[in-house]
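Same chain, two partners: subunit A is paired with subunit B first, then with subunit C.
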Partner chain A sequence: MIQPLLSTKGVSKCFGGLKAVDGVDFDVFPGEILGILGPNGAGKTVLFNLISGIYQPTAGKVYFHNDRIDGLPPHLVARKGIGRTFQIVRPFATLTVLQNLLVARGITRYGHLSKVWGSWGSQSEIKAAMEVLEKVGLTELAHRKAGLLPLGNLRRLEIARALVVGHTLLLLDESFSGLRHEEILHLEALIQKIRGDGRTVILIEHNMRVAMGLCERIVVLDHGQKIAEGPPSIIQQNEQVIEAYLGRKGITYAA
Partner chain B sequence: MSSYVITIGTIIVIQAIAVCGLNVIVGYAGQISLGHAAFFGIGAYSAAILTTKAGFSFWTALPLVIGMSGFIGLLLGLPSIRVREDFLAITTIGINFIVEAVFRYVQFFGGALGIGGIPRIVLFGIKLKGITFFLLCLGFLIVVLFICWWFTRSWASLACYAIREEETAASTMGISPVRFKLLAFVIGTAMAGLGGSLYAHYMQFISAGDFSFPVSVAFLSMLVLGGMGTLWGPVVGTLILGVLPEVFRPLVDYRIFFYTLLLLLMIRFQPGGILGEGSVVRRILAPILKGGRA
Partner chain C sequence: MRLFIEQLLNGIAMGSIYALVTLGLALVYGIMRILHVAHAAVFTIGAYAGLFLFQLTGSLIVAFLGSMACCALLGVMIERFVYFPLMKYPPYVPLIGSIAVMLSIEEVCRLVAGPYILTFPAKLPFPDVYLGGIQISSTLIAVYSITAAVLLVLWYITTHTELGLAMRATSQDISISGAMGINSHVIITLTFVMGSAIAAIAGMLVGIYYNQVYPTMGTVPAYKTLALIVVGGLGSVPGAVIASMLLGTAETLLIGYANIPLPRDALAFIAMIGVLMWRSEGLLGSSR
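Entry: the complex of A and B
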């Protein structure tokens, strides 16, 4: 049997009385694209925060390469090879787009104090960063201050920062939202390519079509609980999913 | 140059060194500190004690003084930096009051009388005073500015900026917020220590009141006025706030009131300071600078 790259065992997070994530188990296998679906407030982002160490789980465990990573602070989780993007974009606003990527590149400098002190603008670092900017289509904006970019570009910047280091696992939180149609197609192709490089991707997606098209497997959350798991074709026909996802979505739209 | 001008100039240069240190903490790493005078004081007192009681010269004491200030900065920074941002302001104010109280009430530090008889600095067999002492301080300021400039070119400064802008995002990129905040704290407090040492040898007599909370407010006003996070902001801010009270004598009595008011006004209306991006001064100067280059 193939060993999962990442697995959660009964992972939960409470905020006061609210169970934002409630006993979720799931596995991600190397080289796969796993989708996480669910209505607004289902606990998807909180689940990512539990994996990346921003929140500590109230209960349960998270394993990466068979090591427990729950309880580690975010920077140590990152150094194990997990990168992520944020649904609510978090650019380093006063830095340029290129510098934003060089910050993320810093992970290659740890353990070498001299490198931490070394110039941030070394040729090889800039070259690596520019290659990634090229991939996400931000080359022209490399020297623009990140705080001045429109949302679509900030989403690409989020992805670029996650890509610029050779992370084994990428967590993408609604990277497609707010993008135009052709941008979505471009990003889909990019994610396929990332997977082609042997990396593993977990993506939270609201757009059903995108999720169904990209993911081999989908995990559906509702009220913090996993209500379904399986390939897109099965998920699409799952009664509970249709009710939870589509039913509630109708209400949110009406509100 | 008259000795009056040299006196004002020397104090300004010494303060600028401390404010450069504050800039590393507040400007580069985005950690508010309202207790910087404490570290200025720790530098001054360690220099005073080492030279009056332990037989050190300014030069042999200097590495110890700088190391001591940075080390105490590390110790006090460790718990402070883990608290939330708004608590950090209060914690650093607390540090300032505690350090001042230790100077004032512990006999080892001279108690209420302070420490006198601090020797002048000797360089190449010459006792420095007046213009020569001023030049020595200027030399140290240049070294400090050079370190700041060098720091801003290093990756470590990018990490500090990233933490300042978006701590959570930075941490998910492998940057340890605590480590880099502490790094900035240590560099900043060590610079304050250097300034404090020069201050002690210049005044030759120091007492706890020289390092009280209002001095911290003054340092922060100078930094905010000049421009947080810019290389020359600390120098410009210190220069302006050092010269103004001399030109407008009535200001002297209301110095602290004026500094505090200025601090609040700047943060409200011009948070980038004089040299900051998008500042009024920059906008006025931009066409001139561009014209000059063309």
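Entry: the complex of A and C
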């Protein structure tokens, strides 16, 4: 049997009396694209925050490569090889696109105070960053201030920033929201390409069509609990999922 | 003309000292969004520690280095024991904490060293310079050269080293930098170390320049630097330096020439209110 790359065992997070994530178990296997679906407030982003160390779980465990990573602060989770993007794009606005990537490239040195006094942007660093920019299609914009880019490019920048480090697992939080149709197509192709490089991707997605087309397996959350898990074709037929998405009765439109 | 040049030289020195104190405040604000009022008390401790070490060893170098180390430690302690636990509350809570720390340190100075003005009888190891009949005292030269060196080192660190890039990233977005593997706590600690060590230099320079060290010497700098970081554009380090230089020069020239029956600090604040009415986001601030 294949070892999972990441697995959560009964992770829960309470905010006061509210259980935002409630005993969620799931595994991600190397090289797959896993989708996390669910209506607004289902706990998807909280789950990402639990994995990436922004929140500490109230209960449960998170394993990455068989190491426990719950309770680690975000910078240590990142150094273990988990990259993430955020639902609201947050570039370092006053740095250039290239510098945004170079900041991320420092990840292997930030743990050693003696190594960060050297200058950033050696030739090899810049080369590695430019390669990633080419992959995501931002080469021409390398020297622009990131704060000036339109949304579609910012999403690419976020992914590039997560890619440039060579993370093995990428968590993408609603990377498709707010994009135009052709931008969606580009991004889908990019994610396929990233997976082709041997990385594993978990993505939170609101857009059913995108999620169904891209993911091999889908985990559906509702009210913090996992209500379904499986390949898209089965998820689409699942009564509970349809109910969670469409409401109990009478409501005939989807999100 | 000669008077004008002498006033100008004094004004630049004044501005340099303001800049050294304001720098720390701007750095801390940039990274933690806290108004670090107690920074002025770190400046006072810098003067006292420097004076004490100078009397003990007779060496200015030891005094400078020792005072910088002492203030760096004090700054880090303020961050660890006051700001860090208070960060989860609204920003006025750490601000009140900061004011409390500032007053406590002033009182400690008064209790330990007495409520008097102490003199700082340091003799600088180089002579005065005469340029075209104008005397530039060795103290002024020390102020200029040390400020220039500090600014240069700081500029180099922030723009050319990976640490500087990480600091800039952290000041823009702490949680994203975390996702990039940057340990924000280390960056915050280093920021306090740098800012506080620079404040120590400023404290000693003021002590030597005016030949005075006293417990409340940080009070006026406390509110003046606070206003200066606002005028410079909150969180903008270059803005803070420019605002400090302009203010130091302007207030010294005004005192020397205009016969206005207002104290120096009142003039300074009137000037700063004027700037803010003209540009509410500050000289180099961005409206965010």
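By definition in this document, the second predicted complex is superposed on the first by the 241 of 255 C-alpha atoms of A that agree within 3 Å, B and C clash if a C-alpha of one lies under 4 Å from a C-alpha of the other, contacts with A are read in each partner's own complex, and residues count from 1 in each chain.
Keep this in mind: a contact is a pair of C-beta atoms (placed from the backbone, for glycine too) under 8 Å apart; a residue touches a chain by one contact, two chains touch by 3 or more.
Here the structure is a predicted model, which is why all the values come from computation and not from measurement.
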{"item": "Fit or clash - subunit C, subunit B, common subunit A", "value": "clash"}
{"item": "Subunit B versus subunit C as contact partner of A:231, first or second or both or neither", "value": "neither"}
{"item": "Which superposed partner A:71 touches (first subunit B, second subunit C, both, neither)", "value": "neither"}
{"item": "Touching partner for A:54 - first (subunit B), second (subunit C), both, neither", "value": "both"}
{"item": "Footprint overlap on subunit A, comparing subunit B with subunit C", "value": "52-54, 73-75, 78-79, 83-84, 86, 90, 92-95, 99, 102-104, 106-107, 109-110, 115-120, 161, 165"}
{"item": "Residues of subunit C that touch subunit A when the two form their complex", "value": "157, 160-166, 168-169, 172-173, 175-184, 186"}
{"item": "Touching residues (chain side subunit A, partner subunit B) in the complex", "value": "52-54, 73-75, 77-79, 83-84, 86, 90-95, 99, 102-104, 106-107, 109-110, 115-121, 161, 165"}
{"item": "Complex interface listing, subunit B residues touching subunit A", "value": "153-159, 161-162, 165-166, 168-177, 277"}
{"item": "Subunit C partner contacts - residues on subunit A that touch it in the complex", "value": "52-54, 73-75, 78-79, 83-84, 86, 90, 92-95, 99, 102-104, 106-111, 113, 115-120, 161-162, 165"}
